[in-house]
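So that you can tell them apart, the chains are marked A, B, C and D in the order they are listed, and the count of residues begins at 1 in each.
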Amino acid sequence: MTGSMSLAAAAYQTSTGEAVQFWVLGTVAVIGALGTVLMKKSVHSALSLAGTMIVLAVFYLAQGAYFLGVVQIVVYTGAIMMLFLFVVMLVGITAADSLKETLKGQRWMAALCGLGFGILLIAGIANASLHSFAGTGQANAADGGNVQGLAHLVFTKYVWAFEITGALLITAAIGAMVLTHRERTEERLTQREQAEARVREGKQVTPLPAPGTYARHNAVDVPALLPDGSISELSVSSTLRERGQIRDVSRDAMRRLAELDQRSDEWLERAPEQPELEHDGERAPASAEEGAK
Amino acid sequence: MNPANYLYLAALLFTIGAAGVLIRRNAIVVFMCVELMLNACNLAFVTFSRLHGNLDGQVIAFFTMVVAAAEVVVGLAIIVSIYRTRHSASVDDANLMKL
Amino acid sequence: MSFPLLTATAALPAVGAIATAAVPAARRVAAKYTALAFSLGTLVLAIIAMVRFDPGGARYQLTESHTWVKNFGLHYDLGVDGIAVVMVALTALLIPFVMLAGWHDADPLEGPDPNRRWRPTQGFFALILLVEAMVVLSFEATDVFLFYIFFEAMLIPMYFLIGGFGDRAHPGGEEEAARQRSYAAVKFLLYNLVGGLIMLAAIIGLYAATARQLGTGTFSLQQILDARASGQFKLGTDTERWLFLGFFFAFAVKAPLWPLHTWLPNAMGEATSPVAVLITAVVDKVGTFAMLRFCLQLFPEASKWATPVILVLALISIIYGALLAVGQRDIKRLIAYASVSHFGFIILGIFAMTSQGESGATLYMVNHGISTAALMLVAGFLITRRGSRIIADFGGVQKVAPVLAGTFMIGGLATLSLPGLAPFVSEFLVLVGTFSRYPVLGIIATLGIVLAALYVLVLYQRTMTGPVKAGIEGMADLKVREVVVVAPLIALLLFLGVYPKPVADIVNPSVKHTLSDVHKTDPKPALEAKK
Amino acid sequence: METLIGLLVAAPLLGAGVLLTGGRRFDRTGHLLGTLFALLSFVFGMVLFVNMLGKNADDRALHSHLFTWVPVEGFQAQVGFQLDQLSMTFVLLITGVGTLIHIYSIGYMEHDERRRRFFGYLNLFLAAMLLLVLADNYLLLYAGWEGVGLASYLLIGFWQHKPSAATAAKKAFLVNRVGDMGLSIGIMLMFTTFGSFAFSNVLPRAAQAAGTQHATITGIGFMLLLAACGKSAQVPLQSWLGDAMEGPTPVSALIHAATMVTAGVYLIVRSGAIFNAAPDAQTAVVTVGAVTLLFGAIVGCAKDDIKKALAGSTMSQIGYMIMAAGLGPIGYVFAIMHLVTHGFFKAGLFLGAGSVMHGMNDEVDMRRYGGLRKFMPITFVTFGLGYLAIIGFPGLSGFFSKDKIIEAAYAKGGTEGWILGSAALLGAAITAFYMTRVMLMTFFGEKRWVPDAEGHEPHPHESPKSMTVPMIILAFGSVFAGGLFSINSSFVKWLEPVTGHSEGNSPVSTGTVTAATMVCLVIGVGIAWLMYGRRSVPAVAPRGSLVTRAARRDLLQDDFNHVVLVRGGEHLTRSLVYLDHSLVDGVVNGSAASVGGLSGRLRRLQNGYVRSYAVSMLGGTAVVVAATLLMRAV
């Protein structure tokens, strides 16, 4: 798009279009970066980062690095960010990270160092004399295009590094497999053994209760209700329990029950009776708050 | 506009990324911040390439991307395996290194 | 390109170390023979190097030069002068004896072995070979930084040899032995590391100086000397002195010079006697050797400036070491302090800066290596038999084990520099060399020979003579393996005592070069000799 | 002929090598082999002697250069031999007496299981002693010098299971080392003065050097004297000789009477040119000689141990020789002459003492002897002849050599001459006294025998042939050697080309001196007879006067050594050991501890949190960047 201008051998100013583009998208990039750091949920962080990366891709294209611009979108935004999202999903999408600092003085030190470092970098750049620039036009044209130019360099001057990068990638792939693969070291327990173990250890012997799916909601994170109206956590998948992602419907159910009672009381003209709420405060924080009132 | 502005932007992004690494505890977010820093560097490289009028900077940026990809693969694998054993993705929980 | 003999001399033991370490755990004996074979091969190479060395030829011979890191002026430069080739030969000569003497030192203890996967025997012999490789390289390196690397690196295998394979015969029992051993090993390491670190600073300073004056920095001894000869390179007086001190400190720790000597008695006392030989006869020689090669050659003016202090320290070492040896109750510590005294003589000879002193010091290094090896190894046999190294536990050994006592006596006589045995020649040369320039120092140093007689004879009298003590009665005389260890050393002591010419002829031209480096000439006799 | 000189030394050396390394297979033949090598050496010596006699008096010296020992720039030590009349005299004495004592030892050491080793040591001694007297330079002489010291050490401590023997051996070696220090400093002085230490270089130029380098030459003289004192047991380094009697008696005869202890005399005579050029050193030499001759004699009077009494006598006689050597050209020849005659009669006396001990279950206390002349007639006769020779009975060897020395002392002239001469005369009287005492206590009077520790009654008997024959031969030497040497001044003429000789003009005539000596002799013998001949000898030593008690303890010199050197040394080393641990090591350990404390604080920075490490990384990077920028700015 703005590549035409960089055909000039040496220039002092970029085009106005690029300037406008820089200021607009640059702001977006910084906001994205801040979002990455400041968002509580990692999914949001990831999305912010993806935005910043796309902006950077545009900047690459604007500066004549067409190949990189495309690769940035395909590899970074397309592959790496997706990888991030996958892991975030694996680990827990909604688990919000508390931004409260636990290490003494860490935040101060971080701010100090970060600020100092930034100032130093900016001072360094300001110190450099960058009045004119060559532009990538000629370099791109020399081999008949940006991709050809890069290819020429990669396969001649940097071929050794390139080969090593190949080795690195393979190692990384194998490394990832080794790290995430769990070797089964002992024989898998048979059903009989599992049952015996369960009896021996005094765990729940009967099958776990089914979740409340279809009873009221159309999702597996809804626990079944016990006769007194409280939830049975056992009925929800342990992963969800771990993340604290149980949709507590007991209050709703209680309310409806209470309404039903009230209606029937009104109908039968009986004195209203307050049902007692019993919840496990620790397991379900939302209802615990309710109980505390 | 002087292309050096890209460098300022890169410096800014790098610093933000660095601060994120220091502040955030979620290992995944820390990783993202590292990626942000790497991207800032890449932007600087591409800008330098433009300033000097040769493609070496872009080649380096290209290599950075490749290495970053490799790093992410291994890093995320580590995070997953830590999460499996500790049920936490917080970097503060992995502090066995002290005496 | 000719065959890289010097590299081969160092590479062979290094390869041998790997080969030995790779021998399976169960094949202990095979590991020993592997190590021995490699050490003998190294000896052959060292002898070839000595034969191919032409005393009348260039100063550094058999040189190999490769640029290592061009931008930092690092070179893989090897070369030997007469002194180095002799030291390499000494090292290569002693290692097989050390191995043979320590043949059973690293055998696993009796009974069910708790550390079945640990391979002590393989480790022991591999570490010895590793030390040999590094010592040989530090004798051969003519690049200052290359030298530094091996000078420091040899500490690592030595650390494990001292700390991992200590003397089990400790008065305080097994546990105390282990405690003392690790203390000694750490002390050894720390002393030498501190010395090395200071030297590193001095090396960097030297590099900076060359970079400033020559445009490109270099670590190559040859390049620096050439540049100095052509007048392109000259250190300022203060710079030279500081750099000299940096180098000298490291070498004085290694050598060891009073008051930096205290690590030696601990290390030698706690290590097994073959390892103690390795320390004093091989590793420490690098220190004195490096004084000759680096201190005098690189910093001639500063060396002369520091001479008075160094001579006095050397003198203190001689007398102090000997007096402390007299006061020891532990055989190995006694020998260690005797070594301190002897190193005093070597340093005295080096810094007397006369032909006799320098030649004497070089010969002293060789002779001290052989004589201490003989004495210490026999002492080791003795200690292993009795299970104690306290002098008071011995007595009357002569009656039950006459051959052992006889060899011990000869080792002792060599230590007290009896004429006819090698150390006499070198000690007398050192004394004459010192005396001709500093008569008073020479006379005081001569006191050392009386004290040497005192500690050796007292040791001999208390351990070997008198009525047979309890615990000594059944003591076996030397076995064939042990005789094989000691007999050649004694033969060598006799040969070099009567006919040191072969070694002296190799050494002399190099000494001449060194003296011309420091611009010193021998003092003329008061009356000109008649023609 | 030159090769023969090498063989002279090589034969006993080979013997020593074979006997000491050969192992048990030589146990049966070792003593014969050892004797054979000694004899071989003696035969070579005789051949060389005959050859030498055939030559012109001024052309008799033989030189033989073997190889360069230590070739170093400016310092060329050679292994070379020089055989002149002086060396020849010693060669014959050493090999001759040596061979006899080898033969004697065959019988004496018959029951010792380590006899082979004994002969090996004896051969080693012969080799070293020959090297000493044949060396053509001081460094080689030094090698021989230490070599005999080693042999002496090994032989004194031959019965190592006896702690006293081991201690005595160590003491001998150490005291000798002090003397050796003198010799080595002397050699160094020669080297710095003359640039060499070969006799041929140093000695001819000594006189020339005296002008410009007077102090140095005197220094060399003093150092050589120190060496001689050590080896020849002269005051103040005499203390080892008495203890050295712990060794087997043949050793005492050979090493500590006839040969090794006279090496000091050899050294001084050999270095005559140096002493001639250094009168101060000469004065020191005569003083040492005179003091020792009295000192030894007094000690000899008080000892009850027969060997120790003889050792005191040896000390005293060597004092005569040293004094003679210190007199300069007047005395050199007589010093050597007395040395040779002393070699005969003192060796004979020691062998006789050994024979007595052999018959008396190794009893050494003379108070437990008595009346032995009937039981050991040959021993009695040979010992008696030796006795007459040593006291200077007219016509016997001692008479000729000792008289000459007394004459020479007077000939020195001036007050000095009078003092020295009188000391020598007094010494002669005391010698007569203590030797008569030994004679009377051993062979005359009633039996005072006591059973030994194991209860065996002594059955004195004459010794076997192998022991008596050497004694007889030595007795012949004691009787005739002196006379033979004096006929026509043959000995003086023989040695003159090497040592030089001058007849001083004595203020006292020869006749007067002889008469005075005779008077002294009679007085000495008379007093002894009065004390020990007429009265019976108490079997337990009486307390005695203060002087006697002091003399029994070597005039307290040993006690002085013990208190000052041994005790002082012990304290010194002990405090140094303590200091080394607490101070030298302490400083280092202290600094290590403070570093440890500091690092303990610093360790808290290592809290294990990745993020805090990351902060320090970023901070560090910032600092580096800042430093780089600053450096750029500067």
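We take it that contacts are C-beta pairs under 8 Å (C-beta built on N, C-alpha and C of every residue); 3 or more make two chains touch, one makes a residue touch a chain.
The model shown is predicted, which means the values in this text are computed figures rather than measured ones.
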| item | value |
| --- | --- |
| Pair of chains joined by more contacts [C-beta pairs], B-D or A-D | A-D |
| Central chain (distance from its CA mean to the mean of all protein CA atoms) | C |
| Subunit A-subunit D separation of Cα centroids, rounded to whole Å | 99 |
| Approximate Å spacing (C-alpha centroids) for the pair subunit A, subunit C | 64 |
| Centre-to-centre distance between subunit D and subunit B (centres being mean Cα positions), rounded to whole Å | 89 |
| Whole-Å gap separating subunit A and subunit B, where each centre is the average of the chain's CA atoms | 15 |
| Residues of subunit D whose C-beta touches two or more other chains | 607, 609, 611, 615, 618 |
| Multi-partner residues of subunit A (each touching 2 or more other chains) | 103, 106, 109-110, 113-114, 117, 121 |
| Residues within subunit B bordering two or more other chains | 18, 22-23, 25, 92 |
| Pairwise chain contacts, counting only pairs that touch as defined | A-B, A-D, B-D, C-D |
| Partner subunit B, residues of subunit A touching it in the complex | 6, 10, 12-14, 16, 18-19, 22, 26, 29-30, 33-34, 36-37, 42, 45-46, 49, 52-53, 56, 59-60, 63-65, 67-68, 71-72, 75-76, 79-80, 83-84, 87-88, 90-92, 95, 97-99, 101-103, 106-107, 109-111, 113-115, 117-118, 121-122, 125, 128, 130-131, 133-136, 138-140, 146, 149-150, 153-154, 157-158, 161-162, 165, 168-169, 171-173, 175-177, 179-180, 182, 242 |
| Touch list for subunit D against partner subunit C, complex | 20, 67-75, 79, 139, 142-143, 145-147, 150, 153, 157, 160-163, 165-167, 169-170, 173-174, 177-178, 180-181, 184-185, 187-189, 191-196, 201, 205, 208-209, 212-213, 216, 569, 572-574, 576-577, 580, 584-585, 588, 592 |
| Contacting residues of subunit C [partner subunit D, same complex] | 190-191, 258-259, 261-262, 320, 323-324, 326-328, 354-356, 359-360, 396, 398-399, 406, 413, 418-420, 424-425, 428-429, 431-432, 435-436, 439, 442-443, 446-447, 449-450, 453-454, 457-458, 460-461, 464-468, 498-501, 504-505, 508, 511-512, 522-530 |
| Subunit A residues touching subunit D - in the complex, by the definition given at the top | 103, 106, 109-110, 112-114, 116-117, 120-121, 123-124, 127 |
| Contact set on subunit D toward subunit A in their complex | 607, 609, 611-612, 615, 618-619, 621-622, 625-626, 629, 632 |
